[in-house]
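Common to both upcoming complexes is chain A, partnered first by chain B, then by chain C.
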Partner chain A sequence: MAFKRNRRSPLAAIIVMAAGLALTGGGYAAATSAVEAAKPVSAIATAEQVTEGKKLFAANCASCHGKKGEGSSGSNVVPSLIGVGAASVDFQVATGRMPGQASGPQLEKKKPQFTAEQISQMAAYVASLGEGPAIPTDAMVAADGDSANGNTLFRINCAMCHNAVGAGGALTHGKWAPALDGVEARHVYEAMLTGPQNMPVFNDANLSPKDKKDIITYLKYVEETPSMGGYELASLGPVVEGLFTWVFILGFIIAITIWLGAKSN
Partner chain B sequence: MSNAVAEKKKPGFAAGAANYLDERVGAGGILKEFGRKVFPDHWSFMLGEVALYSFVVLLLSGTFLTFFYQPSMEFVIYDGSYGPLKGTEMSIAYASSLDISFDVRGGLLMRQVHHWSALLFVAASGLHMLRVFFTGAFRKPREINWLVGFMLFVLGMAAGFTGYSLPDDLLSGNGLRIIDGMIKGIPVIGAYGSSLLFGGEFPGEYIVARLYGLHILLVPALILIFIAIHLFMVVIHKHTHYSGPGRTDSNVVGYPLMPVYVAKAGGFFFIVFGVIMLISATFTINPIWNYGPYDPSPVSAGTQPDWYIGWLDGALRLAPSHWEFVAFGGTWSMNILIPMIVGIGFLVIVAAYPFIEAWVTQDKREHHVLDRPRNAPTRTGIGAAGVTFYAVLWAGAATDLIATNFKVSLNQVLTSMQILLIVGPIVAYIITKRACLALQRKDREIVLHGRETGRIVRLPHGEYLEVHEPLGEFEQWKLIDFKDYQPTLARPNSKGKITINARIRAAVSRIYFEDRIIPVTQTELDAARHDHPEAIEAPVEQEAKQITQ
Partner chain C sequence: MSDKKLVKASSAEVEHEYSGGLAVVAPDAVKNPGLEPHRLRMTDKSVKHEKAAARQVSYMFFASVVGSVFAMWAYFAFPITEDLATVRANTLYLGLGLTLGLMGIGIGAVHWAKTLMPDAEVSEDRHPARGSEEVRAKAVEIIKLANSESGFSRRKLIRRSMYGALAFFPLPAVILFGDLGPNPGDTLRHTMWKKGTRLALDPTGVPIKAADITLGSVFHVIPEGLAELKKHKLEEKAKAAVLLIRLNPADLIESEERKTWSYDGIVAYSKICTHVGCPVALYEQLTHNLLCPCHQSTFDVTDACKVVFGPAARPLPQLPITVDAEGYLIAQSDFTEPVGPSFWER
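== the complex of A and B ==
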């Protein structure tokens, strides 16, 4: 009977497990909501953000863009930031394109130099210089639109530079349309809205917010759906397929012919 | 007498099989003859087989696809399994191709089998042609078979192109638009030709059905006929072989078709089939659902034809776009016409090469022993120039991908390729010819003085010598068995006149054979064997003298 007294209740394991799940799950939910809260989703900036943003701007951006973001039109053309809006700042700085490392046909994407908070402060400051497109909310960029409409719009408006599945493509004189695989939905939206670097602007009259959401839905579908036909060979089309045929298929078969043609010892 | 002989000889497997058919269809004699055909063993002789087997795979997989494909350009609203196209307006041709990919069991695999084997078919044919070219297998009596093979290569491109356009997706539609533009670029007849082909203004409603007819009837029938002629001629001519002891222009050394090659080739067919299936099951090709239905307005980045049309696309890309002028009430698109002329001209030269070389050499002998490429330096040089020319055009179709992947300017890539297209073949010719001559010289050296062994021997009086090992008979044969051609002179004909033809031939012959390495003669060989120790010592002495002077 001592054995029985010491024995735990059969419900103990379930209770412990439930408590553990509740703890980790609740903690995770709390943590993610905290992260969500830190995201720059608000269009209305506080005065404190603007002040902080002005300091960051003076230290990191003003040397090229001017003290008040007026840009310069001399021998070294630097765009004015008055009226480009918070969306532009968020796209350029959060994808690491700004601050630029070297001038060239196009700025490279790289590791972001600032934290999300700093970026939102700079965005608030630039937005205070003149009215411009705001950073889209999470609901605006959620990939839950109509992927078929997004597919059609993407094919008509984007594929000529970015390739049919967004694998990227070449433009003239060293410029290029980057690959869209792995690009955050918010940045895709901001790029359409502000037309960064060599990209044209697709404003809300051209592609409505719903259209933009559909395009994002299509891109996320392509990104998340595994390939139907096997390895995709970088989705670059017939050139890669031809190269693969010559190098790997024919190479493999030639190796077999050499084996078949070898004299038996 | 004859009965007695027949009793003594026990019929083999080939003879037995022949007897069975002989009693029924009287084909025994042919079969017996055929079964005893001898084929030499070498890996490079199997490249044509690869093309043949991929054609068989093409026929099998293509038949499967015809069960489900509908060549109609009528519009439908797509309602299949692929989400991002649901509700999109498209042609029945595209919708049925999507159904093959997503809703027919095994359909996507069969589409991929068909497409990969098509790429392999043309690639293997091309490589087989290169083997034939560089070994001189096109010489008398095989000039006509070279032409038949050439036709097969061109038909392979035609089959590929007509098939590429059938899914009626955006990529293939853009390919058709380029063909339309090329036809319209031909002066006078261009516009008529285009409306004849498309049944009106591009794209019209007929082109897919017309291409389908060509793709499944005319082109494969022609390919089959040419394959039959091609193989028949191989049987008539017998197979070529590489030089070696006992191998001459009047024999073939190898194994009989029955049973050795029937087993070997049959097994090889399944290996090729297996490789194609393996690749098709693991690697995507032409994901048509990504490209979307055809619509003449959008052109997506990275739009390229399949590899075998790539060189023509490259020719169009490399032509400067300002070569266009308005005259006589029309636009003359030289930027389209000149690439077309260059492409056709290149093909004509490829087809005519055996006849050009025969005219230069005036060699009327039959050749069944193949050349090592180095032993025909000018031909090998010309071949290398042709390969370079083709390769630059081919790479020209990928200028945009080269630009993005190597992070260079698209315009600079284009300019470099334009320069390379002219300079590349010349440089390739010179380097290859010189390399061949150097290799021949090396061969001569090895035959006469033997191989360097790296063994240093010290003689009693203190001199050091490296021991050279003479070649074996078999190895030596390969190095000395080739024909020597000399430049022909422009001689007067029976009327005592030196014709222009003779002058041109003499000039070309000089280019071909002015620099040449003469094969080692028996006398030279005997002398080298006899003087072998001296041959090693002599240069050493000379060097010593030079130093003391």
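== the complex of A and C ==
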């Protein structure tokens, strides 16, 4: 057999390619698996919720944000929570970003530290500190809007950071815009409304509640529609596609060329 | 091998040492190392291997047949229906079948040539570029004959009128080049913005009130009227696109001259990168950095959008804004400098 005497089996390239695809695909799937979803909280806060929320706040948040949520502007800048509203608390705590565990370029999404009820209590307390955006209702975030309009608005307002299909992307100094697939519609809405961390605020004058609903509809559409063009390489665009072409396709062509020019054993 | 060597044309040429195309023969030319000794292949040495290789070639051709049949089957087995997602399976399996069909033939043929066809090494010398003296003399003779028969040297009128015709022939092309224009004129220096143009939301064209812009907001802005343009809408948008950001007025560093260009912490900057013209729109609310996604040029919104990182050479042009009597944001004028990347006359 002529094949056996070659240093590497001609199948090696195919095996390496398959392994690479499996690793990237598997890693991507693992990285984006959704955290345990928290239930939406009711928009109307009771006095009892505020009292309970105050206790939770004192125990878990006050060490950084101050006893009254006034924040700090000293050497360690901590944002004030007066007027950030229940939507901000629900986003930050229910996606696990708050309480923050380690300092870094940006707070990361992780498993939520509190139950849905506790989050609603804290949200109620922070909302009582000053008027701010409320948590959107289920009807406001339902994915039954106009996905085409959502796509247009997403391209203009969101895609430059979050990528055209919401796959996320890099920002300056180690910060990044997170991927949006698997993110709960409520959290997408709250993020637009409150502008967490380095994301700008998209208030209702900029993107109306209907516009926000359309954007959520578009994201849901992207999430549920399979790619027509085959393997999408995490939808990260020309850099990844170029790298794939250079490494695997050109590698394959070079391997074929070497085989063509090599003498038979 | 050596019997295939081309025989030198004549003894006279060998004396002159004409090289194969080069005027000068380098004295220290690399010595011809000659051919490697011929190595027999396994298929030359053993009948068993020869038969195995022949079988492998036939397997390849057979695989090709399987691939072609598979492609035909796949075309019908994975039809493209109303559901666009079916395109994926159709293209994938049809492509795999066709690939096997063509690759099988190609790999089989190459394997055949490499293992079973004769592999004797052959060298063929390059023949000299210079023709033999007889050939050269014959060529001169032909040219002279053509001259005398056509009367090219003798008939001055014909010769000169032909030169004239040849000189005039390319001139229409020069006229056609004129249509490569028109010159851009001053279009690169001006945008749709002018005094009093309202700032409007992209894409709807709804005018924006200063009160709508909360702290930390970013608005993607087009001039009012652009959404209704019938002609050159995208060209105008590509020049006039603006990013509107509200900062805490205390964070703004403004030169004396630009003190009046912002309104209560609201600043408007061209969205077109001064590097190669990508839309710069990755605004970080806390650092006030504006990042271009193409080449990572970073601009500081608090400090007149000066470049803090990356290849951009100039700050983003600022659009001077103010509010009108109804509270809508309006431009004070066009940009005071050309937007976007550098160009020759800039």
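In this section, the second predicted complex is superposed on the first by the 208 of 265 C-alpha atoms of A that agree within 3 Å, B and C clash if a C-alpha of one lies under 4 Å from a C-alpha of the other, contacts with A are read in each partner's own complex, and residues count from 1 in each chain.
Quick note on the criterion: contacts are C-beta pairs under 8 Å (C-beta built on N, C-alpha and C of every residue); 3 or more make two chains touch, one makes a residue touch a chain.
Remember, predicted model here, so these are calculated numbers, not experimental data.
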* To do: Using the overlay on chain A, decide if chain B and chain C clash or can fit next to each other.
  => clash
* First, second, both or neither for A:G130, with chain B first and chain C second -> neither
* Does chain B (first) or chain C (second) touch A:T245, or do both, or does neither? -> first
* **Contacts of A:A148 with chain B and chain C, given as first, second, both or neither** => first
* Partner chain(s) touched by A:I254 [first = chain B, second = chain C, both, neither] -> first
* **Greater chain A contact set [chain C / chain B]** => B
* Asked: What is the contact status of A:P226 with respect to chain B (first) and chain C (second): first, second, both, or neither?
  -> second
* Partner chain in contact with A:A205 - chain B first, chain C second, else both or neither -> second
* Report for A:G195: first if it touches chain B alone, second if chain C alone, otherwise both or neither. => second
* Asked: What is the contact status of A:L171 with respect to chain B (first) and chain C (second): first, second, both, or neither?
  -> both
* Using the superposition on A, tell me which residues of chain A are in contact with chain B and, in the other complex, with chain C. => 152, 156, 160-161, 169, 171-173, 177, 227-230, 260, 263
* chain B contact footprint on chain A (complex, rising order) -> 105, 147-148, 150-152, 155-156, 159-165, 167-174, 176-177, 218, 221-222, 227-233, 235-246, 248-250, 252-254, 256-258, 260-263
* Structure fact -> In the complex, chain B touches chain A at residues 41-47, 50, 83-88, 101-102, 108, 112, 116, 119-120, 123-124, 127, 170-171, 264, 268, 271-272, 275-276, 279-287, 289-292, 295, 297-308, 310, 397-401, 403-404, 408-412
* Which residues, counting only chain C, touch chain A once they are in their complex? -> 39, 41-43, 52-53, 56, 84-85, 87-88, 91-92, 110-111, 114-115, 119, 201-203, 208-209, 212-220, 245, 279, 281-287, 289, 291, 293, 296, 298, 309
* **Footprint of chain C on chain A - complex, ascending** => 1-2, 152-153, 156-157, 160-161, 169, 171-173, 175, 177, 195, 197-203, 205-206, 225-230, 259-260, 263-265
